[in-house]
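Okay, so chain A shows up in both of these, paired with chain B first and chain C after.
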Partner chain A sequence: MADYDAIVVGAGLSGSTAAYCMAKAGLSVLVLERGDAAGVKNVTGGRLYGHSLEKIIPGFASEAPVERKIVRERVTMMTEDSCFTADFHSASRFADPACASYSVLRAEFDAWLAGKAEEAGCDIVCPAHADELLEENGKITGVKAGDDELTAEVVLLADGVNSLLGQKAGLKKELSPHHVAVGAKEVIELPKGVINDRFGLNDGEGAANLFAGFASGGMVGGGFLYTNKESLCLGLVITVADMAKSSIRLPDLLEKFRDHPAVKPLVAGGKLVEYSAHLVPEGGLAMLPALSADNLLLLGDAAGFCMNLGYTVRGMDLAIASGQLAAETVVEAKGKGDFSNAALSGYKSKLEQSFVLKDMQTHKHAPDFIEHTPRMFKEYPALAADVFTQLFRVDGTPSKLMLKKALPLISKVGFLNLIKDGLKGTRAL
Partner chain B sequence: MNVEQKLSQNKFVVDEGNPHIVTHQEKMDPAAVKALTMVCPAGLYTQDDSGKLVFEVAGCLECGTCRVAMAHLPGALEWNHPRASFGVQFRYG
Partner chain C sequence: MKKIAVCYKWVLNDGDIRVNDKTRDLDFEKSKPQINEYDRNGLAVGVQLKEASGAELIGITCGVDTEPSAKDALSRGPDMVYYLNDPALAQADSAASSKVLAGMVRSLGDVDVVLCSECSSDDFAQQVGPRLGALLGYPVISYVSAVKLEGDALVMDRKLEEGTESVKVKAPVVVVVSPDVCEAPIPSVKQILGAKKKPANAMDLAGAGLGPDAVKPMVTVQSVKAPLTSRKAVNLLGDGESVADAVAKLVKQLSTDGLL
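Take a look at the complex of A and B:
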């Protein structure tokens, strides 16, 4: 007889969601978390799109430690000395909890969600590092953590992007530098009122800003800035393959981004209170691992559930949904008394029928497009800067019509390139 | 503010004498050594005057970037998560 119905490795968002849903359905669940508390090893940019958690815990944002509700979306093309920003602000259009998104900080947020799982009846042990999977006659029977051997009918690996256990179990290969990006982030403390004033926000409202171009030093990637209650998250995310060929160190690149004339005033006077980093699985379907094996499931970042489209970056909403669907699968398997891969493979079908794999399928060409369109990170931000300089610069020399101003600039990049990339981009993103 | 000053704001518990990352420079080419110095967000990989790779485990943010950057060179890095209760503890995340 196993100690538990299910052992979950990792009390991040997918793990705690799965644990919560399984416990609610009456299963006995153990969660192992390697941090001293849930969330202390986790990092987000970050923003959580709330829809998937809203379906599990309706109205969660009224009790969960969310920072600000995002009402202002900015996308910026940046050169060394300029930036062009699309700025969309609407409190009413993002008011519905079904589409609301929130800035969050993971140490606090994950601790809250793990607490919900505990309330629902799970055992959570932390710090406990799952060293290896226990096997008996080729069948996974549990987890070894330090000196403890813990057994369960099924193990849910929610151990994050660096899922060494998922690799050892043969569900996934080592990550490719082309499929993951490295994120580095500063948390910068500022008074609430200063943040409200600088970003044009009311109390409780937040802004999200993504940056392309100079931010990443022209490499595949970009910058981000999110407003929290009383801090900002400022950082970079750059593909590891590009970073490995870089001639500037990642921390130095972040310094340059922070010192950009358009960014510096936003963070001025702030106090850096934490510096963090994390890998982001951005390879999409091309890096999709096997999601189940006998007595084993793979969730969240460990499964590579993440989408970066340049204008939206999503991972946490996918992780939460994968946790819920993994839990459903396990509850059904428990009903049948069958935890073989045949019984657990319903997990993949559920993901395919849900937004998780549907959206990743819809945007399956996005990672390839982004990686192979370097103009997005160099030439196009420069073009935007040149066009707007022409439009807004008045120096007394004879003026030209807009078309005449823009044409020579566009021909520098190439009309065909622009049309080709535009068509490809709108189809992929 | 340099990266060392930034890291000093973080909460770390160092597992003395038991580093979770071990480097094997003899398995690396010069490009790999340079890549490590570029990709590490904490700037923990440096080269001394003789070209020797120097790695400082205290301050590691546990992102795994170095492991992925060395994925094409088997044996170049031994990479594990720190043991329970060691390593970085993010207070914000």
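Take a look at the complex of A and C:
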């Protein structure tokens, strides 16, 4: 008889969600988390799309430690000395909890969700490092943590982007530098009122800003800025393949981004209170691993559930949904008393029927498009800057019609390129 | 040897204390409570003695909100924990803490060994061990760097300035251990899970045979401020200046400051 019905490795969002749902269904669950507390090893740029958790814990935002509800969306094309920003603000259109998104800090948020799982009856042990999967006659029977052997009918690997246990079990390969990005972020403390004023927000409202171009030093990637209650998250995410070739280090690049004339006034007077970095799975379906094996499931970042479309970045909502679907699968398997891969493969079907794999399928060309359209990160921000400079610059020299101003600039980049990238982009994103 | 009590303090993690640059006040908002790191060695010694003697090992602590400490303490080896909470202990000094802990030890009855560590990471007063000895009427063996059970006696090394002293003492005794007495292992998963099944008992002042006066401190803290590090910030090697000139300036500066 196994010690537990299920052991979950990792108390991030997918792991804790799975644990919570399984415990609510009456299963005995052990969660092992390597950090001193849930969330301390996790990093997010900043935003949780709430829809998937809303379905599991309706009204979660009223009790969970969310920072601000995002009502202002900004996408910026940046050159060394300019910014062109699309700014969309609407409190009412994002008011419905079914589509609301929130800035969050993982140390607080994950600890809250793990606490919910514990309340539901899970055993959560942290710090505990799951070193190996236990195997008996080729069947996975649990995990080894230090000298302790802990057994379960099924093991859920929610052990993050690298998922060394998933690699050892042969479910996934070592990460390719093209499929993974490296993110670095600073948390900069500022008074609530200052943040409200600088970003045009009321109490409780937040802004999200993504940056392409100068922020990433022209490399594949971008910058982000999210408002928390009393701090800002400022950071960069850049493909590892590009970063490896770069002569500038990520922390230095982040510093240049922070010192950009359009960013500097936003963070001015703030106090740097936290610095963190993390890998981000950005390969999409191309890096999709085997999601289950006998007595084994893969969740969240470990399964590569993440989408970067340039204008939205999602991972946490996918992780939460994958946790819920994994839990459903395990509860069904428990009912049948069958934890073989055949019984657990329903997990993949559930994901395919849910937004998780549907959305990743819809946007399956996005990672490839973003990686192979370097103009997005260099030429187009420069073009935007030149066009708007022509439009708004008045210096007394004879003026020209708009079209005449723009045409020579566009021809620098190439009309065909612009049309091609435009078409490809709208199809992929 | 039947009963060993090991004292531990539930303190704020000093690594997460922040200093307000302007007022030099300490900000404990990010600090979470934990078992005083020094006391983890006391708990580890307790486990060794329990294994050698078969005695019952009891963790004891007092403070304002110490119940959450029990699970952590129990994962480190004690058979049970007694904790005493009283709001007045927020201002406790070593005298008050010692009185409460002594009362708890007495109420446990026939404790052979009381284990303490040298200090707590918050107050660092280094008094509780010796005070407990005085209050309980037990001999105190301090600066203990090694403990061994020999029959019904304890043989201990005391690390002193002049060398190492070896002492043999029969119970009852208060033993104050140094951090180098042994490794304090990180609890394993099974130990952490097992801790939930062990008893954590609340005790109140009356249960410890004490009146409200016991928690009154003799020392009241007026303020706690972070130390101020001041630098002269003299730039000796300015633009275009030669190293030789800078060295000459440095020598002059140091001799003016009376450092040469």
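We adopt the following convention: the second predicted complex is superposed on the first by the 429 of 429 C-alpha atoms of A that agree within 3 Å, B and C clash if a C-alpha of one lies under 4 Å from a C-alpha of the other, contacts with A are read in each partner's own complex, and residues count from 1 in each chain.
Methods note: a contact is a pair of C-beta atoms (placed from the backbone, for glycine too) under 8 Å apart; a residue touches a chain by one contact, two chains touch by 3 or more.
In this text the structure is predicted, and so the values were computed from the model without any measurement.
In the three-chain model built by superposing on chain A, chain B and chain C fit together without any clash.
In the superposition on chain A, contact of A:N295 is made with neither chain B nor chain C. Of the two partner chains placed by the overlay, neither chain B nor chain C lies in contact with A:N308. In the superposition on chain A, contact of A:A128 is made with both chain B and chain C. In the superposition on chain A, contact of A:S322 is made with neither chain B nor chain C. Within the superposed three-chain arrangement, the count of touched residues of chain A is higher for B, of the candidates chain B and chain C. In the superposition on chain A, A:L150 makes contact with chain C only, while chain B stays out of contact range.
With both structures placed on the common chain, the touch criterion links A:H278 to chain B but leaves chain C unconnected.
By the touch criterion stated above, A:L250 is placed in contact with chain B alone, chain C being left untouched.
For the pair chain B and chain C, the minimum alpha-carbon spacing after aligning on chain A is 7 Å. Counting contacts as defined above, chain A residues 127-128, 145-146 meet chain B in one complex and chain C in the other. Note for the complex: chain A touches chain C at residues 30, 32, 37, 123, 125, 127-128, 145-148, 150.
Chain C makes touch with chain A in their complex at residues 32, 186, 188-190, 192-193, 196. Interface residues of chain A, counted against chain B in their complex, comprise 34-36, 39-44, 105-108, 110, 126-129, 145-146, 161-162, 164, 174-177, 180, 182-184, 186-187, 231, 240, 243-251, 254-255, 272-279. Chain B makes touch with chain A in their complex at residues 1-3, 6-7, 9-10, 35, 37-43, 61-65, 67-69, 71, 80-85, 87-93.
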